[in-house]
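Here the structure comes first, spelled out in structure tokens, and everything after it is commentary.
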Amino acid sequence: MKLRISHETTYRYGRPIRNLVQSLRLTPSVFEGQKVHEWQIDVTDGIRGPGFRDGAGDWIEGWNVRGPVDQVTVRVQGRIDTRDMAGVLRGHREVVHPLTYMTHTDFTQPDDALRDLANSVNGTSDNLDLAHRLSLQISDSIAFQNGVTANNTTAAEALALGAGVCQDHTHALIALARIRHLPARYVSGYLHSTIDGEPHDAAHAWAEIHVEGLGWVGFDAANKCCPDERYVRLGSGLDASDAAPIRGVAMGSGAEDMAVAVQVEELAQ
Amino acid sequence: MLSRTAANLFWMGRHLERAETAARLLDVGQRITLLPNTEEGYQNEWNSLLQASGTSELFTGKYGEISQENIEEFIFFDRENPSSVVNCIEKAREAGRIVRTALTSQVWDALNVTYQDLRKIENTPRSRLDTASLTDFTTSHTSTVRGAINATQLRNDGWHFMNLGYGLERADATARLLDVKYFVLLPRIEFVGSGLDTYQWQVILRSLSAHRSYHWAYGGDITAGQVADFLILNGESPRSLITSLYEVVWHLEGLARRYGDAVSAEARDKGRDVMEQLQARDIDMIFDEGLHEFLSWFIQELGTISTLVHQDYLLGGA
Amino acid sequence: MSYYNEMFEGDQVRDPYARLREWVDTMPDDFRQMKQAEAEALFRRIGITFAVYGEGGDPDRLIPFDMMPRVFEQAEWRKLERGIKQRARALNAFLRDVYGRGEIVRAGRIPARLVYQNEAYEKSVVGFVPPRGIYSHIIGIDLVRTAKDEFYVLEDNCRTPSGVSYMLENREIMMRMFPQLFRKNRIEPVDQYPDLLRRTLESVAPAKCEGRPTCVILTPGHYNSAYYEHSFLANLMGVELVEGQDLFVDGDFCYMRTTTGPRKVDVIYRRIDDPYLDPLCFRPDSMLGIPGLMNVYRSGGVSICSAPGAGVADDKAIYTFVPEMIRFYLGEQPILNNVQTWTLWKDDDYRYVMENLGDLVVKEVHGSGGYGMLVGPKSTKEEIEMFRHKIKANPSNYIAQPTLALSTCPTFVEEGIAPRHVDLRPYCLCGDRIELVPGGLTRVALRDGSLVVNSSQGGGVKDTWVLSE
């Protein structure tokens, strides 16, 4: 698919801030499923700092804004070609050892319910099959529902609630995979449209599970599928916080409020 | 020099000066209670002294009754009172500890010994302490620190920041005390020569440790105009507004010279400006303008200078 | 159990201590007491009242100083020095490897799990090679002696080993109190350490740095138990002692806030732990760190010493593989011994340890400061049984070692002079060169018979001499 992406995040501060420092993971991954034609990141009044590719293959950029300012917008615009790789992350250069992704974080810390659910899947010796079935378990156990969970909801809480958004599905699937000794990680990116063709107008997240012999494979439990050409991959981490496309610290004393606008549209051939 | 180092030196100076102010307050408070006066009279005196340090409400809320014990407890020992001697000395020592390497060992020793001895006093039964020993303790230790600073610190930017703290705090304390008592200094006919106001002026002079030096400077009877002149415009009086401000400006000039044109010196410019305005006045003009109005202006200008010191030197960019 | 006495062999005084003999024998009791009081007063005045890092306790507590020095001969020291430097090279080679291709894991010499699932392993610095490939710039190696020529390494400290200020102050105070001793004995100096440390830090400045690098020491603040050491070192090195709030990131570099405006910082000797370095990379709630620092580090705008992630090399589980590292990376035989270690997550080891608890020392994998530790021969039956339950609950949290016959060194005690057990922590500096000052921190267990030298458990310190001839 040829996709045009526009992603704007605006921060408004109750009182002008003295300074803002951000770390952005907002550039598409380089692998066989993606080819970037044009990509631009801009931060209003921002100074572009260091940029580098980290060990997990993500392009990371530091930015800072000298205050006083009371509003900052992070603007991403670009064009990209995507291909369906059946979820497999082929041709992605990374040096981080998969076992590094066995470590649980606060978001994925297992409780008895997560452990029971993970261990309820049996009768398979094939890890790829196991990963698929764990993903299905999550799709069936957590209904997609906006507004019932928050940014800091954990996998255990989402499972107890039986509902959540893509972040919650992803954390829960990661927890299950790690319980079954499969390295798993959080991926952030964009989605063009859901499987029934509904346009998707927010940032998206899914899980990747490491399967010996195949490498990293994506699973989108929220949409009950594997990532295909509708997906744009930005970067990964141990959980949502570690993989966040934008991390920032502002020096100031006022309240902060954030607005996000994402558009992913298909371009004519 | 790190901005934080400068800030700690600045606040070390301020807190040491503030501890001294508290000790003088204690001394004068004690004296008031010894004067033959109505119960109400000395309660009022106390209230106004507490108002000057901005802690009157705190005292009333916590202790209610004014008594020797309560006053000692509040002004010397009470950790909830931000201006208590214990608090000021602890904060000064804390600041000193953070910037240890910017202090000479003599200054650190003096500061540390003050703190250690303070611990001992806190552990002494109150019944074995009298007010005089508490005020003596404070003034003698703070003077030792002050002396060590003068005798041993390099005359560098750190020294300027310490002294800026001392100077600004002293100017502020004098101005606030005067402001609380300004009405007794107004030269009103009906009180002249009456026992009440003479005694009140003495209280003011004593609370600034200035009762002796006043006599040296003016001789003869105490009059309202002269007391005000002594505490505001007399360049020989060590705690007068003009002396304190003169020192503040002197140290700001020192910093500006040292750092050169590349570093903004708005605090210095403001200091110069306030100094000129102060020098342009005599005591009659101040009374014509209104003593309270004048003092409000002065206190506000001091605040501005403080803010500018912060902006010029203590933010360190970004 | 018999213990190696470093001063006496029967009635004979060993060579290194020959000249001290007379000093001790002719010292009147009251003179000793007077000097002891003088030493204590000196320490208090200097303000050296901190606990050795990670040991907790009252920050204003004074660690007892024993005036009787511990002495090494030049030849003994040479061997130690070679062993320590060898270990330092291997540890840095290991770090460079596991943050790169991980050859030692691929070769099957170290289990992948121990490296990559280690909580000190930092994913965010994988693939980045710091200047000169050095990750751990100051390595503190804890050693014990069991015989004339037998030294064992107890543990390696690759992050930010503390206590070096004691090494320097102990010497300073000894020289001030007993100058005649130093005239009679030719003792190698240690006071070049701060200069060597600064040189080491300057030698790992990032490539982008032009001119003489600006180094700083980053402290968590004056509430930290080792704050004295931080300010002491900063002062001797002539560098600024900064807190997180003093530093900020702007564009490609890191700056400190000064009274004359921002000043670029090239090398940060940090005394704060990895998770607190940068809220944009690690713990988002850290107030101690500098937002954006890791991005500047990763792109070569600033050096951080030790490198984030260096802790993976000094884990008690990784420790057992250090001899393997020496063989693998350097192709050499280890000069210093490791203590035999049973890892309780292995079934065989577990069985052996549970059957022999009374003879062994058991430690927590991530514990420090002598806490959470069982010294079998020195424990009661009840204590051993209680510990058995703790191990059963979580075996992989423990390792066990034989009880070592720690050497003793004469020590001033209430009744005069008596042997007490000692260990040694020398400080190895790694930059463009590997340097080791001749000396270190000798800790002494002041309680009769105790084998625990930690200051939080009744340990004291001694000046450590290396004779020059």
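When the chains are written out, they are named A, B and C in that same order, and each has its own residue count from 1.
In this section, a contact is a pair of C-beta atoms (placed from the backbone, for glycine too) under 8 Å apart; a residue touches a chain by one contact, two chains touch by 3 or more.
Everything quoted here is computed from the prediction, not taken from an experiment.
Ranking all chains by how far their C-alpha centres lie from the centre of chain C, first place goes to B. Ranked by C-beta contact pairs, the top pair of chains is A-C.
With centres taken as mean Cα positions, chain C sits 41 Å from chain A.
In this assembly, the C-alpha centroid of chain B lies 48 Å from the C-alpha centroid of chain C.
Centre-to-centre, using mean CA coordinates, chain A is 59 Å away from chain B.
Residue positions of chain B with contacts to 2 or more other chains are 318. Shared interface positions of chain C, defined as residues touching 2 or more other chains, are 248, 250.
Touching of two or more other chains is recorded for residues 19, 66 of chain A.
Across the complex, chain B is touched by residues 45, 47, 222, 231, 234-235, 240-243, 245-246, 248, 250, 255-262 of chain C.
Residue ranges of chain B in contact with chain C, taken from their complex: 1-4, 6, 94, 97-98, 100-101, 105, 108-109, 112, 157, 161, 255, 259, 262-263, 313-318.
Residues of chain C touching chain A in their complex: 99-102, 105, 112-113, 115-117, 119, 121, 123-128, 248-252, 279-281, 284, 291-292, 294-296, 298-299, 301. Against chain C, in their complex, chain A makes its touches with residues 19, 21-23, 47-56, 60-62, 64, 66, 95-100, 102-103, 238, 241, 247-249.
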